[in-house]
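What follows is a group of structures, each given as structure tokens.
What follows is a pair of complexes built around chain A, which joins chain B in one and chain C in the other.
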Partner chain A sequence: MSRTRKGALTRAETRFAVFSLTPVMLLFGLFSLIPIVWGIVLMFYEYNPLNLHSPFIGMDNFRRLLHDEVFLKSFRNTFRFVAIAIPANIVLTLSIAIGINQIRSRLWKNTFRTLFFLPVVAPIAGSAVVWTTMFNKDGMINIMLNMFGLQSVNWLGDPVTAMLSIILMTLWADIGYNIVIFMTGLDAIPDVFYEAARLDGASGLKAFRHITLPLLSRTSLFVLIMTTISYLQMFPQFKIMTNGEPRNETRVMALDIFDNAFTYMNMGYASAMAFVLLLIVLIITVLQIRLGRSGWEY
Partner chain B sequence: MSKKSNIPYVILCLVLAFGALLMCLPYLWMVISSLKSNLEIISMQPKMLPESPTFSGYEKVLTDAPFMRWFFNSLVTSVCITVGTLFTSALAGYVFAKFRFFGKSVMFIAILATMMVPFQVVMIPTYLIITKLNLVNNLSAIVLPSLVSAFGVFLCKQFIEGIPKDLSEAGRIDGAGEFRLFRSLIVPQITPVLSALGIFTFMAAWNNYLWPLIVLNEQNKMTVPLALVFFNSRHAVNYNVVMSAAVLIMIPVIAVFLIFQRHFIKGLTISGLK
Partner chain C sequence: MIKRFARLFVPFLISGLVIVGCNSNSGGEPNGSSDGKVKLVWWSSDNAAFEGANKKLIEKYQAAHGNVEIDLQTFPYDALIQKLKAAFASKNPPDIVQMFGTWVTEYAKNGLLEPAPDDAFKSELYDAALGAYLYNGKVYGIPNEYNIENDGVLVHKKMFDDAGIAYPPKTWDEVIGAAKRLTVTENGAIKIRGLDMTSSDSTNFMFLAMILQQGAKYWTDDGHVNLTSPEAMKAMTALTDLLTKEKVSDLTLAGSTEEPYMVFFKGASAMTTAGPWTISEGKDTFQVSDFEYIPFPSFTSQPPYFAAESGWGEVVAKKSKHAKEAWEFVRFMAEPENAKAWNVQTFTVPANKKVAEDPEFVQEVPAMKTSLEALQYGQWIGPVGDRDYWFKAVFDQFTSIGAGKISVEDGLKKAQDAINQMLDRNQ
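And then the complex of A and B:
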């Protein structure tokens, strides 16, 4: 108890703090901070590890991006994917969560939750491989179409259906996560609200609109932000199921960055692309938090 | 319950049951196709069910590919990452929560800020660092960059802050060393968080595809998800073989999940909403 100032550390405490934090911060610096800074520096260089020289080229990488047809397409594809998959995900998961929460038998409630959650724990690369064979010309989905007398569809090869197929697979693979989060959010709403509403003669849709939605807005905002961040960076199913084909219809930014960095080894250029992705993630997240906060006044 | 709510309730159950069935279809397809023979796969009239189920697909996987090797690679790297992350998160979380020192808030904010950065930004320089360290095609290239988790540090700090200070003061009066204090007073208090963090770290490590794809390209060094895709590209025509491999890879994950299910879902809500 030889403390002079309140909160000042003793020698033993200081030694412990330094000894335990130093290795952690070193690892963190080497594999998080340095890569971020290096990534930001790289985007001003024409860096290719196979070349002898990597000249500083200022903003040239960004100028090149503006005229890169493939990049612009991947930019649009990313937004197309996000614009369809995220609303579909939220609507589906919220309705399924509400549905499962209505189930009276505990056993069935848990069974349903488990069945919807199961794909989340499976390796997504494995799921992508399974779904690729399902979408094949003699895969499960076409076999089922044929059973109903319908024509086979070249799901992953047709520019019209390729993105849709990947969205379907993505929804299957991770709706379970949001369902569980929404179910917890729903459980946290006290029953008294619904009882009061029923006494006032409001139930069903009305109760949903005026009780469930507002009281769930925190959970919804969390779900929306996390889903957006993860979908903007989605990679495995695009790489495995179509590799960007047909005609770059399913080439998203994450895939384009990967190819530029590790197939063509244009790492400076790929870093510039990655920086654009970082900006998009930041802007969208900040916007969502802003808009979400305004809805919290209750 | 009143009788008027019965019909909608039955409809709800049916809709949910149908949805759950749809969720199971890919697994069914996976198991069914793994039992088909090569002949059936290339026949002109594709059918849902195998006419004469065989295990030839499984045989081919287990004899043709270093399957146990892949499994071992995944297990070793995932266990190392999980143990490392738990240790660094708890320790750093404790120091950030209970000690005051110069530069603490700057360091902590730096850690938080990295959570927002997409992996696409850091993967290129991290690959260059791994190349400089001469670790390409080495399993430690998978482990090293994942030993510190910004999210884990954040999570542990939040929970440790909630532990009353008197507790550690009491330990100090007893003359316990700082590390023993941490191990015997702090760690037991945060086991729920640690188990949640452990489950998710392990799952993320086991399922990771992008980073192994960048740093591993030798067949013997591959982890399970990477190997499956590699295997798929070699046997794309005989998808019964690929589906057998998929079954062998998915079943353990699903089995582990079903056993630890309760911890799993609880962990998800702890780490997601706190």
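And then the complex of A and C:
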């Protein structure tokens, strides 16, 4: 084998690259690129796959979105969910990760990490069913409340508590992943910084504020972006636990997109909704990346 | 350059062709048979009673028609809805489908169903049951069932007896009076509901029935709905008053998977408006038998008119290679003797007048008596377009009005506008 110029690939390398990438590119094209392009095209049509004709309607689907009360509510609900669930997730997962990192015994450290990660392995649809029964009128949570002399709560049927119940379930189901990421980030911070801080007489809180948090910012940014993307598109627990009820208080955008696409078969309209969600995810992600830029190495 | 391009993209092309090749027609439903028999594929829901009744009729038909083989394929209700849409959209439907009547219009409108070769059987069926199977003067299937969700109420008679209330209640006021006395409240929350109707179906059907029982209509001459008439306002006011003034039920389970009939069979309500199909659910699923199903009185002095969706029935796909044979089987199913056997086994209200009026039928299913007596008052709900959208639009406003978030007038205006826009899009 010989290289004709620096950096150029040999024929064998090119062939290897092409054959290696072909399956991945095909899968990407078939299941990501084509559906995205198709979705973008559909949003300009009144498209129902059963209909003989699908008229081009330009921006009508977007104009309709502006006056669709259910969509506007799902828009607000999505942000309400994200605004509560993401900070709660990050505070909780970071605290637990720091707590587990303090454990010296390798066995216990691994045990706790595994325990917190277990719900991530369980299918979220199954977890949602289990939590629905727990939140029921005669479910485990109300039984526990009654044991302490407190009244039962209509967790999933009350507009005030329904969203909070789903957030609680989501946190339980989802924190394991971020805990592992944060633990990896914490492990990567060199001990020498903490030793220096100790010698200078810094308290644990000061070390956390001035060493852990800044040096964990890249990890935190990754966690924040991935969690935001995931939570903006959250669907199974909303479908299974409340189906958007009561009074649409738990109807999020992903659920509204699903209903319009597959219940009402308004696929053009659902595509317009999905495009709005895509834009939101894109804008928030770009903002997060720009605001979270750091110019350091260790 | 071309060579380089070809070298890069030929593998993509070949792989793509392999995938397409593997996929080609693999999902198709066979329409023929290697042994010379005509093979018909029939899709239905996996409801055990329906499946059993369908299989019996298949056996009987195949015994008399040796050249036909019918392959019954069943799916869970939700999966059936999605599979049908996918199969028809991809031009690969089964020959016969057991469809819910309200779905039929959309498939017929888009030329996806084969119309009946002759429609002489029309007069044998109730108009309310046949309604959704008609489109532009043609018949696109035969209903087996007269879907009825009104004019009957599940009652725990023992609760009446224990409270010393005259039974059965015969007027609207008597029902509401009894419901108020039977409602049990603890710590400000309703423990036993006197009269429950807080599901989307119950609310919608009661609302429409109450409009009709005032001698009014909810359809306009141009094919839109009018839900802001004085009669519609009165009906919605009376319905929401049950929550806010009479306090015989509440919204704590509205929209949840806990349907009112389930609440009833768990003993947490005294009366619940429901279709007769809930009777067998109560006996089979909830193992409850100490209840009765009695007529629900009219909201006014007029007869208890009600709106009904066309029920389950058979349609034939336009794309079927054996549409003639498929229609022959559908006609066989609709013969009174076979229709009766199907209705008895599935505990459904007959769409066929002869079956419904047959004294032997009510002897075989005495629990159906209340519904059979009400059939004369039913009328087809009309071309509702997207039924789920319609029902949600009304139910959303019902819950908002019931929760005091919006006035009856504004709520009904919103529901009306949403439904009319949907109807315009569906035209």
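Here are a few things to note about the model shown:
One rule holds in what follows: the second predicted complex is superposed on the first by the 265 of 298 C-alpha atoms of A that agree within 3 Å, B and C clash if a C-alpha of one lies under 4 Å from a C-alpha of the other, contacts with A are read in each partner's own complex, and residues count from 1 in each chain.
Keep in mind that, in the parts below, a residue touches a chain if its C-beta (ideal position, glycine included) is under 8 Å from a C-beta of that chain, and two chains touch if they have at least 3 such contacts.
Nothing here was measured: the structure is a model prediction, and the numbers come from that model.
Of the two partner chains placed by the overlay, neither chain B nor chain C lies in contact with A:S203.
By the touch criterion stated above, A:I34 is placed in contact with chain B alone, chain C being left untouched.
By the touch criterion defined above, A:P123 lies against chain B but remains apart from chain C after alignment on the C-alpha atoms of chain A.
More residues of chain A are touched by B (comparison of chain B with chain C). Using the contact criterion defined above for the overlaid structures, shared-chain residue A:Q151 touches chain C, although it does not reach chain B.
Touch criterion met: A:F262 reaches chain B and chain C at once. When both complexes are overlaid on chain A, the residue A:L50 reaches chain C alone and has no touch with chain B.
In the superposition on chain A, A:M25 makes contact with both chain B and chain C.
After overlaying the two complexes on the shared chain, residue contacts for A:L278 are found with chain B alone; chain C is out of touch. Contacts of A:G99 after superposition on the shared chain: chain B is touched, whereas chain C is not.
Shared contact residues of chain A with chain B and chain C: 14-15, 23, 25, 30, 49, 262.
Per the touch definition, chain C reaches chain A in the complex via residues 7-8, 11-12, 15-16, 19, 82, 85-86, 88-89, 106-107, 110-112, 187, 251-257, 386, 388-389, 396, 399-400, 403, 405, 414, 425. Only residues 1, 9, 12-13, 15-16, 19-20, 23-27, 29-30, 33, 46-48, 88, 91-92, 94-95, 99-101, 107, 110-111, 114, 116-129, 131, 144-145, 147-148, 150, 153, 173, 177-179, 182, 203, 206-207, 209-210, 213-214, 224-226, 228-229, 232, 239, 242-243, 246, 249-250, 253-254, 257-258, 261, 264-265, 268-269, 272-273 of chain B touch chain A when the two sit together in their complex. On chain A, the positions that touch chain C within their shared complex are 14-15, 18-19, 22-23, 25-26, 30, 46, 49-52, 69-70, 151, 154, 156-159, 242-248, 262-266.
Considering their complex, residues 1, 7-9, 12-17, 20-21, 23-25, 27-28, 30-36, 38-39, 42, 49, 96, 99-100, 102-104, 108, 111-119, 121-134, 136, 138-140, 142-144, 172, 177, 180-181, 184-185, 219, 222, 226, 229, 232-233, 235-236, 239-240, 253-254, 257-258, 261-262, 267, 270-271, 273-275, 277-278, 281-282, 285 of chain A touch chain B.
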